[in-house]
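Per-chain residue numbering starts at 1, and chain names A, B, C, D and E are given in the order in which the chains are listed.
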Amino acid sequence: MPDLAAFERLVGIVGAVGDDAVVTTHHRGRRAEIQVRPDVIGETLERLRSQGYTHLMSLHALDYYPDEPRFGVLYELLSYEHQDRVAVKVRVPLSAPRVPSVTPKWPTASFQEREAFDMFGIVFEGHPDMRRILLPEDYLGHPQRRDFPIGGEPILFTGNEQRNPGWWK
Amino acid sequence: MSTGWYLAVSAIVFAIGAAGVATRRNPLLILVCLELMLNAGNLAIVAFARQHGTTEGHVFALVVMVVAAAEVVVGLGIVVAMYRNRVPVDVDELRELHG
Amino acid sequence: MDEILFFVAGIAAVVAAAGTVFLRNPFYAVLSLVVHLLSLSLLFLLLYAPFVAVVQVMVYVGAVMVLYVFVNAYVGGGTEPQGGGAPTLRAFSYAIGLTLIATIGIAILGSGLQVIDGSGPENVRASFGSPSEIGELLLTKFLLPFEAASFLLLVAAIGAVVLARRRRGALPGEERMVAALDLLAPTGTGSMREGVGAINPTPGGFSSRITPSQGPSSPPGEHDGGGDDDGDAR
Amino acid sequence: MSSDDDKRDGPVPEDGSAASADREHDSDASTTERERGARVADETSATTPSASTPGQPDEGGGRSTSADPEGASTGAPTATALKEREEDWETIAKRYRADEATIDFSSQLGAVATQDETELLTINMGPHHPATHGVLRLLTTLEGEVIRDVKPIIGYLHTGIEKTAEDKAYWKAIPVVERMDYLAYYFNAMAYCGAVEDLLGVEVPKRAQYLRVIHLELNRIMSHLVWLGTTMLDLGAISILWYAFRERETVLDLFEYSSGQRMHTRYFQIGGVADDIPAGWADKLQRFLDEMPTRLDQYEAMLSKNEIILQRLKDVGVLDAESLQAWGVSGPLLRAAGVPWDLRKAQPYSSYDDFDFKIPVGTVGDNYDRYAVRIAEMRESVKIIQQALDGLPEGPVITGDRKVALPPRHELATSMEALIHHFKLVTEGMRVPEGESYYPIEGPRGELGCFVRSDGSSKPARVHMRDPSFVNLQAFGDMARGEYIADMIATLACLDPLLGGIDR
Amino acid sequence: MTALVAAPLGAVNYAEPWWAQLIKAFLIFAIGFSLVPLVLLYERKLLGRFQNRPGPNRVGVYGSMQPLADIGKLLFKEQFKPRGAIGWLFVAAPIISMVAALATMPLIPFSNRPQDIFGTPVGLYGLDSEIGLLIFFAFSAIGSYGILLGGWSSVSKYSFLGAMRGAAQLISYEAAQGLALLGVVMTTGSLSLSAIVDQQGDQHVWFLVPQIVGAFIFFVATLAEINRTPFDLLEADSELVGGFMTEYGGGRFALYYVAEYVHLIVAGAMFSTLFLGGWHIPFWQGAPGFIDPFVVLAKTLVVVSVIIWIRATLPRLRYDQLMSFGWKILLPLATLNALVTALFVVAPWS
């Protein structure tokens, strides 16, 4: 984690992207986090890359249900140079869960953005292949949302369907 | 067995091979039919060698086999090259060789 | 017994030859030729030509026909349209075949050749058709054809290589092989033997070893990336 | 809601080959769904919109109809919505059945296969294939024996562990996350416990940290041994599997001795480890440590001097460090390419800075380097364990914070407070202050990070594992393209993917 | 009868009555088939010892019934045929493999001393032809069809790849295999296997010593010919699942399986005949005639053990490495060996 001064500097650099680019920041314990507007995420990551944070180690989404904007997408950046990490977060609402994809610039995000789409339904615009990755292609819904129940999910198997139509009722 | 029987088999196979060369359109199969004709010749030669009790016929048959092998190698090379270069593998379609 | 075997092998040879010509699937035609060659080799055996018979199986069946099958499978020859082409041509070719049979039949039956009634000497000498006799003939009386045949084979082999050649190795300009000298080289030559055999990175000194990666100038696989399927990119 | 509905018509087939009948079919389906969506939206509250479909199943295979943003609107299924969903199931099932028959996998093959190449052959390696290390499916395009393109297709082992963990109390989620990467269970537990400890702010006692290091490194040896055996099995050397598993059994016996289980031990607790090591365990461990280097020498005598192995591994599957880093690859794969990045050194956790060890790196980044780096890592792990065992400090093995760790058994009989703590912990679990934490550690396959978000309750609001296998697999296509089939298998083996970790 | 079978194949030493030939034919197949489970068990046990495990030890005493259980299980399984497979070829391919493997078995000479059976001298071999070596090659050439057709008729991509690999590998290693034996043939001056063994007895030295290069090439090429590690590319279970026999199961798979072990036994016996002096025991000239077959079997066992040892040790070669090894190393080496041997046979300096 960068110390407070370095973090302030980073926030300043990111904030220069545009007005209100930085929504909020968080710097406590082991964690330093910059929350930015979704539309500037690509530019933000590029600026951080130029500051030495060259590795996108993890991209994951989370659901702040019932808060709005509900979804968060986290980009965990790592710097080999400074040997520390900084996280970037964007929040998107349920009504428009769209985030610009960073896959063209950071190829490692490809699978992880697809997973976030698969589990949360967050669409990464500009991703070359925005499809489900872990779940079956005909799966309904996005199961890692907080309001998606555990269990009670009828599972459609080919054999069951043919042998016993409507078995799930 | 009389040598005539062997010659009869040889003649029939030769004729079948000749008909095949004329009817087939796949170059690979034309080669195969050529093999038939060569082998028919071989059979006649070996039968005559038995008739005369000399081994020269066997030598001739072996040389024919070598020639056939050489022919096959080149022929198959041409077939593969045709296939690679998207030339239709059908001799009737081969207009390019007509000049 | 000889007669039985002759008729079995002879009929098999003729039927297989007919199959070679009339089967529509090229693969089956080639297989039919294999059966034909095997029955021919049986006929050779009956004619006291063991060496020729075995060489027939070894060279023809074992090598040449495998090559045929190989190329056939490679070219993937579908069933060729038997009915296609000019019907007159087809009729003409069958006529040629029949005429040939007739001509040869007349030649054989009407030639008055005395030999075709006999079957040669009853007891051939022990060395008849043995490898040693054939070898002696090849290297004395037939030396010139022998050498010519070997030269022909060489030319054919080179020709085939040239004809069927294309880019080598896995990728253009890349060829991997087991070179004879590689076998003599000490173990681990040319690789990271020194890097791992003597493990000596600078412990803790990362910043000295690592130059900060500026990120890929052209991200590998933006569109043909290993993981992502390019449904949209097409 | 309605604005989204308007966009539903978006993914009409862009492909010129799509028949007009297909277009009609698409628009029909979306029309009915739009109407239904509107009706549901009327009936249910605004936060629980339509339980409609996320689009049709892919008809062209590759076209991303399921990228439909409408999928985003699947909300809480109320009774009505569930009923709607059931109705949907029938239509979906029918349509799926119809589509299944028309799936054209060639369109998933990307650019290569669509070229006018008649010599290309597509092979579906897996999910049932002896060399895909589980249920990985590789859609492979071959030209002769040469790989022209390969697409990993995953998800066959998806078990929803991240979702399951959200429904467990913090300390009950440990065995759940342990089961993801089933060869690195200590690492999974360590990452998760580390993240939760980070949120709680508890200090782990030194002895517990050392015990953790010992078990982690034993686990690393075990994981690399399995890798060694299976990789060499893929190369055709069958015996080495048994030799590697002999040592692995020893490690597993040690695990069983210390924690009662051979695999998925749940030995690590939040705040420490479950129990102190039993008497005699150190002696057994010492025996193993004495033996292991000679065993490694034996492996190397069998493998590193084997000309065929060298021919098969050298200069195969090469990918330079920049590409690897762009793909997010970490761990031995990256180190084999010459980047000495190891979190144990770079960002030491759990007292790793107390130990003297080295980071083996390669130079070329081929399969041989990957092999050699892992062998060397096992040697280094032995060294670390030796140091940890020698310097094992006395003291408690779990934090004394009664809000986090269970009180000792004997206190229950004497202390009312201990009893209350025990009761609260067992019935409800610990409460973790609100916050988020990402805790990366160096797993045997690379950076294993655990992200935990706490909303202040006794259950984690989000547990995410950044599994190295999942990320590393993305680089596989670049590694394997242009190789022979046999080399692709070797490269996959040297990538060391673990399907339990990939699919989670 | 003798004229029918033996005479066209070259001179024979003993004219045997037809009943002796029939009994011999029966015995050869009986012994051949009963050797297969023994070698199967031996391989599994030996591999087990190499790999620190006991090997099969549940069925019968020390697992002695394990191969029977294996084969029995296979025979009782469903005769599965994939949809789209070319039926009769699919059935015929393993039979071709089996026949070609078994047909080489009578060529192995166990002794040239006729055993007196009810007053009739009977040679301890199935067929001692003047061109025995050539017949051996002819039948191993036919054996490649079993693999080729099996792979092709399965209509499976894995099988197809395996069959293509197999065909290419078999015909390319056959050349090196044949050339490697030229030295032996030239020294003996005969293609008869018993003559080759006799020559080793007369010279009091096994061909392994003067023909060490030829022996090495023949051994390696034989490994490739019988699809053993490190040349088991056409099975290559980690790459092609099962190669040409991916789609085979049950009895048909058992045919392939047994044919593989017949090949193994024949390869061992052939190597001991050609290079290890056949039935000759060093430094013991007056050995009684009845132990000759056991000497051959013992030498075969040694060669088979070495092949199993190699399987336990070596990984698999890659396809291109295999081909270039065959064409670029083994073949030139074999040619060179033939040339040098020819020089010594002709000996123009003496």
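Convention: a contact is a pair of C-beta atoms (placed from the backbone, for glycine too) under 8 Å apart; a residue touches a chain by one contact, two chains touch by 3 or more.
Predicted model only: the values in this text are computed from it and were never measured.
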From chain D, which chain is the farthest off, judged by mean CA positions?
-> B
What chain lies farthest away from chain A once each centre is taken as the mean of the Cα atoms?
-> B
Give, as an integer number of Å, the spacing between the C-alpha centres of chain E and chain A.
-> 62
Chain A and chain C: spacing of chain centres that average the CA atoms, whole Å | 58
Between chain B and chain C, what is the separation of their C-alpha centroids in Å?
-> 15
Multi-partner residues in chain C (2 or more other chains touched) are 2, 46, 48, 51, 55, 63, 67, 74, 176, 178, 206, 210, 213, 215-216, 219-221, 223, 225, 227-233
Where chain E touches two or more other chains at once, by residue number = 320-321
Chain D residues counted as touching two or more neighbouring chains | 58, 62, 64, 311, 325-327, 339, 341, 346, 473-474, 484
List of chain E residues in touch with chain C within their complex | 1, 4, 7-11, 89, 129-131, 134-135, 137-142, 144-145, 148-149, 152, 160, 163-164, 167-168, 170-171, 174, 191, 320-321, 324-325, 328-329
For chain A, which residues count as touching chain D in their complex?
-> 28-31, 33, 54-58, 60, 62-63, 66, 74, 76, 80, 83-85, 87, 94-98, 106-112, 115, 117, 119, 121-123, 129-150, 154, 156, 158, 161, 166, 168-169
Sort out for me which residues of chain E touch chain D in the complex.
-> 47, 50-53, 157-158, 161, 165, 229-230, 232-233, 236-241, 311-321
Which residues of chain C touch chain E in their complex?
-> 1-2, 5, 27, 31, 34, 45-46, 48, 50-51, 53-55, 57-58, 61-63, 66-67, 69-70, 73-74, 126, 130-131, 169, 176-178, 180
Interface with chain E, chain D side, in the complex: residues 121, 123, 129-131, 145, 232-239, 241-243, 246, 302, 306, 308-309, 311-312, 484-487, 489
